[in-house]
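A single structure is presented below for examination.
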Amino acid sequence: MKKRNKDHKRILVIAAHPDDEVLGCGGTIARLAMEDNDVYVAILGEGITSRDDIRDRVKREKELNELKIQIKSANKTLGVKKTLAFHFPDNRFDTVALLDIVKTIEKIKKEIKPDIVFTHHYGDLNIDHQITFQAVLTAFRPLRSEIAREIYSFEIPSSTEWNMPSHTSYFMPNYFVDISRTLKFKIKAMKKYKSEIRDYPHPRSLKAIETIAKYHGIQIGLEAAEAFEVIRQIK
Amino acid sequence: MKKRNKDHKRILVIAAHPDDEVLGCGGTIARLAMEDNDVYVAILGEGITSRDDIRDRVKREKELNELKIQIKSANKTLGVKKTLAFHFPDNRFDTVALLDIVKTIEKIKKEIKPDIVFTHHYGDLNIDHQITFQAVLTAFRPLRSEIAREIYSFEIPSSTEWNMPSHTSYFMPNYFVDISRTLKFKIKAMKKYKSEIRDYPHPRSLKAIETIAKYHGIQIGLEAAEAFEVIRQIK
Amino acid sequence: MKKRNKDHKRILVIAAHPDDEVLGCGGTIARLAMEDNDVYVAILGEGITSRDDIRDRVKREKELNELKIQIKSANKTLGVKKTLAFHFPDNRFDTVALLDIVKTIEKIKKEIKPDIVFTHHYGDLNIDHQITFQAVLTAFRPLRSEIAREIYSFEIPSSTEWNMPSHTSYFMPNYFVDISRTLKFKIKAMKKYKSEIRDYPHPRSLKAIETIAKYHGIQIGLEAAEAFEVIRQIK
Amino acid sequence: MKKRNKDHKRILVIAAHPDDEVLGCGGTIARLAMEDNDVYVAILGEGITSRDDIRDRVKREKELNELKIQIKSANKTLGVKKTLAFHFPDNRFDTVALLDIVKTIEKIKKEIKPDIVFTHHYGDLNIDHQITFQAVLTAFRPLRSEIAREIYSFEIPSSTEWNMPSHTSYFMPNYFVDISRTLKFKIKAMKKYKSEIRDYPHPRSLKAIETIAKYHGIQIGLEAAEAFEVIRQIK
Amino acid sequence: MKKRNKDHKRILVIAAHPDDEVLGCGGTIARLAMEDNDVYVAILGEGITSRDDIRDRVKREKELNELKIQIKSANKTLGVKKTLAFHFPDNRFDTVALLDIVKTIEKIKKEIKPDIVFTHHYGDLNIDHQITFQAVLTAFRPLRSEIAREIYSFEIPSSTEWNMPSHTSYFMPNYFVDISRTLKFKIKAMKKYKSEIRDYPHPRSLKAIETIAKYHGIQIGLEAAEAFEVIRQIK
Amino acid sequence: MKKRNKDHKRILVIAAHPDDEVLGCGGTIARLAMEDNDVYVAILGEGITSRDDIRDRVKREKELNELKIQIKSANKTLGVKKTLAFHFPDNRFDTVALLDIVKTIEKIKKEIKPDIVFTHHYGDLNIDHQITFQAVLTAFRPLRSEIAREIYSFEIPSSTEWNMPSHTSYFMPNYFVDISRTLKFKIKAMKKYKSEIRDYPHPRSLKAIETIAKYHGIQIGLEAAEAFEVIRQIK
């Protein structure tokens, strides 16, 4: 029987939409999983339905089902232990009370008991990303009883850099993870999300994902990196 | 008959939840009241109901009634002249149109005619605090006809410091009130809110309230202080 | 037949309320129109209905109709080619899903195909202005296929400067347009919005509009100017 | 014998160059003096000598002497009780150790014992203004023994607005003083500084000074105002 | 005889060190030159001498001379019309009075009479970059007589991204120039600065320069781009 | 022979003045030393000499020697392995070229080879603290060859909170270290610096140091904590 790394951690990634977990921290997930940590992914939004003027889950049922399969496949590629998917309305999180999202995250927290949390950047252009960040921060308050002692936010190419270039929303990473050896799994996982991939130079093209990882590597002397903002660390 | 301080002012504290007025500026209220000013408190939210997945005032009726009594008792301790309580849904202010909250505050303004206003910090983690700030600022526009010439925002331990530590939300006080002589009334008033007090080192414990007051005192050479941000002063 | 300026551009101004287009960039519109560009104005909100506690378009029908006429007249004065008016609820944009506003703007974009976009400042006190900015930015993403290569935000006297004086919301212009020769058209257009003009020193008085234009001129060595923030320029 | 206002205060204005005290807060000085407060002005820099490639006080002796006379005359116009002038090198404060400027201000403080201090904005383009601000803040630390309980910073047209329009340096006033009745003294005092006045629309022209005062008035519903940032207030 | 582009402009790039002009805006220079504008480059610092504990130009004479040749060669590659080199001490600009640097730039300005200026980002880690920015902004004040109506700042890989990731210093570009067709000249020019090139993944390696250009392209839908902050534009 | 913790790290604290290492991170040093890490302290400034109008090391020789003894004693109390002291002029770091300080730190780096660095906050009021931060960041660039993969900044009570309360300088910690068990060593070490201790409520009094540690504890649910800003972490 394999012996566990004695420092192994429980990690929870909370993303707004399918594929955000890959774009935001796919390389880091793969590395953490390889290093014998348990990684869980929660995806709050259903995806796809914002394409219609009026949300219609029935009309999009087939695509939604396909997306479910893509989620599983992509997360398996990264070594994720368990993926939880919810059905908040795609790109319409502002039509839900923030408190309802907070309560959902509190239930996830109770189930997973994470030591470390990764989530969206508060300053993304996408409204669902903004709200997810605020809900995560509200659910993980630094109480004595709180187990999670590290919270990080990640960028989502095509949302983070598309907000106005302002100090009120800019992503300014101070935490870099070397993904030189796991960038390939990030790319591979992204390939599973066929419907979400775009042509270069779109930020969600495979070549762009690679370029962005190299760009962050250059910033701190590595071959490839993912970049994060430290929200809170307690030692 | 006692003669009034000729510079006496009408002060209005606008808080989102019962006990915020004590946590935010209880010592300052007590001092202003002692110095012969008229202090009014308006509490916009009902409290308590956010504990349930679905808001249910009937189920929580008993607690809501007890809370009403606590409000009266706490505010009496501080020397508040009149307390106005409203029923916006607890931790669900984002389900109400901002304009409805603004219009409520405009009615309060019309009744109280305050010279000075205290309210929440725009950058608190709590969504109701954020919205209260924006509604207050919208209701008190610097028109020629506006009587209120000073607006301040206060911090709420357990909400202000629990937002991410970012320049977009951080509380950076530049207005300090000496509460060396009235800290005791703040503590006494907080004791009335039995249901809201937590164990140390929770920020809403009595010992934490005292430590925070001393901390702000140390910052500017006093025994105890409350800290505020100046939003606007017109002389 | 008059020959067109070969560099002529298609410009789209997206405003939340009737008269915002004049206050925000009336002098610039007049100058751009005079210089043989096609200027289009889209006004998202209906105006007026926020005066009532409960929105009632029927009750305000007469005023709404008069406002329609004022819009036409004012925009004609500025040389606007076409004005599009929508009926999002006045000062209640937060009761609409952001996505619905985004989709409306995407339709306008499809129709007008603008090269340059002007809209509100994200940090205005007015909630409709804030939401308009976010919706515009979401609708105009910097994709390869996007025609609009310049986006600017303007200030609205009585909303921009009435937010708290904070780095998170302050208007800090870096783009100035000389309106020395077209300030008169801005004033003339504003006169058409009879119901919106206030007495000096209100920021929406005619004399205040002139003073503000001179103030921005002084900042950069001109007789009169309008001030903008560059959101994005691609050359 | 005239009886003094029982709340009268000792006010100290610390400026980098001759005329900064007028541009920054001339109307406020005049009002405070009229309301029976004692206003002192300290001017740290000598003026004029930055016009030469190499500082040469002897060459500029005549002009420096004339400037001395202008200082006296302008400050008398404002009702200043005493003006102190120092000889730090014009526009070359960065060639002096900050500590030497701090020690000079500490001596001024010891002599004047001010209750309230006005000085430059930290974010001005002018290097002397920046350094003066930092030196003032260092000299007036919030110790128990410190008498000065209010510190404000003012803008200097032609320096404050000429820095880049960035949140790191922008002047964002939250303290406005009604100078409707004393604007005329500000203008009159500026006229004494003949060598410093420029032609309109230069910010240091008489008409620009008036426009700026009106602009700040418009912002908060007054005929004319001076604008300040609150650095610290202790009550 | 070739006829000139009737809108042709005079452009001035002001850099602190040899190779900064290439790293910061080499692709843009090449494009502007190709499009029939006159581009001038001024390099304020001598380079190299900061490698010694005590500056010693004699000891480094040979290298300094070689660097001179590299400057000429690199700038010729980009199509620069004239390059001006100065001898401010390498990485020791803080030992010079800011005013002396300002006066040097004012002389350059008088000679070149630029319409458009490019210079460093104020928030770079490198002290010479910071000071160059401040000196440029001081020399190019927005007076009526000022010809330069556009000022931009560029990033320098290995200085801009090495400062702390803070809103007070972060580079947040809002002006992007398509260099898809001139990236090759940027690379070619950099090759001339043999002594300054480092191995990948150093930001000053050739492959890193290419990656960074692609990264900025991805941000706004282009193959390759250079990114800038708009400091001021007057139209 | 005692076996070492296999994850043990080399830690370097770089402080501007004697006692800053205790005030800034004394509790963290003690904890790290207890947990079998090697902690080194470098103190750049000589202390004391800023008390005189003109720096005079001879006059202050006796005090400087006593201070040396205090440094040793305090650092021994914390478990520091080696303390390095330098003689940059007290509160006059701005009279030294930044490059000279950088080169000193590079020599320290070469000797100590730290994995983790702690230093001052860039936004402190004290000029030496500001410069120390900038020099540390310049010396520890994120090159491939760089060993130090974590950099943190600490606050110094009586300097950090005495700067203006502005987003450009405010200390906003996101990294908290539990010092519940080592606060006593921090207090004990501070007692060694007899000449630097002040009376309560001065921030450098023993009771204030304790209150501040408790305040940071309250912020994140602990008995006592020290607070830091993450400058950079590479994993």
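In this document, chain identifiers A, B, C, D, E and F correspond to the written order of the chains, with residue numbering beginning at 1 in each.
We take it that contacts are C-beta pairs under 8 Å (C-beta built on N, C-alpha and C of every residue); 3 or more make two chains touch, one makes a residue touch a chain.
In this text the structure is predicted, and so the values were computed from the model without any measurement.
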| query | So which chain is farthest from subunit E, going by the mean of the CA atoms in each chain? | reply | B
| task | Farthest from subunit C by Cα centre, which chain is it? Let me know. | result | F
| Counting in whole Å, what is the centre-to-centre distance of subunit C and subunit E, each centre being its mean C-alpha position? | 36
| query | Roughly how many whole angstrom separate the Cα centroids of subunit A and subunit D? | reply | 52
| said: Give the residues of subunit B touching no fewer than two other chains, as numbers and ranges. | reply: 142-144, 164-168, 174, 201-202, 219, 221-222, 231-232
| subunit E touches which residues of subunit D in the complex? | 50, 53, 91-92, 94-95, 125-127, 158, 162-168, 201-202
| query | How about subunit D: which of its residues touch subunit C in the complex? | reply | 157, 161, 164-167, 170, 172-174, 201-203, 208, 211-212, 214-215, 217-219, 221-223, 229
| query | Where on subunit A does subunit F make contact in their complex? | reply | 142-146, 174-178, 219-222, 230-235
| query | Can you name the residues of subunit B that touch subunit C in the complex? | reply | 97-99, 103, 122-123, 134, 137-138, 141-144, 167-168, 231-232
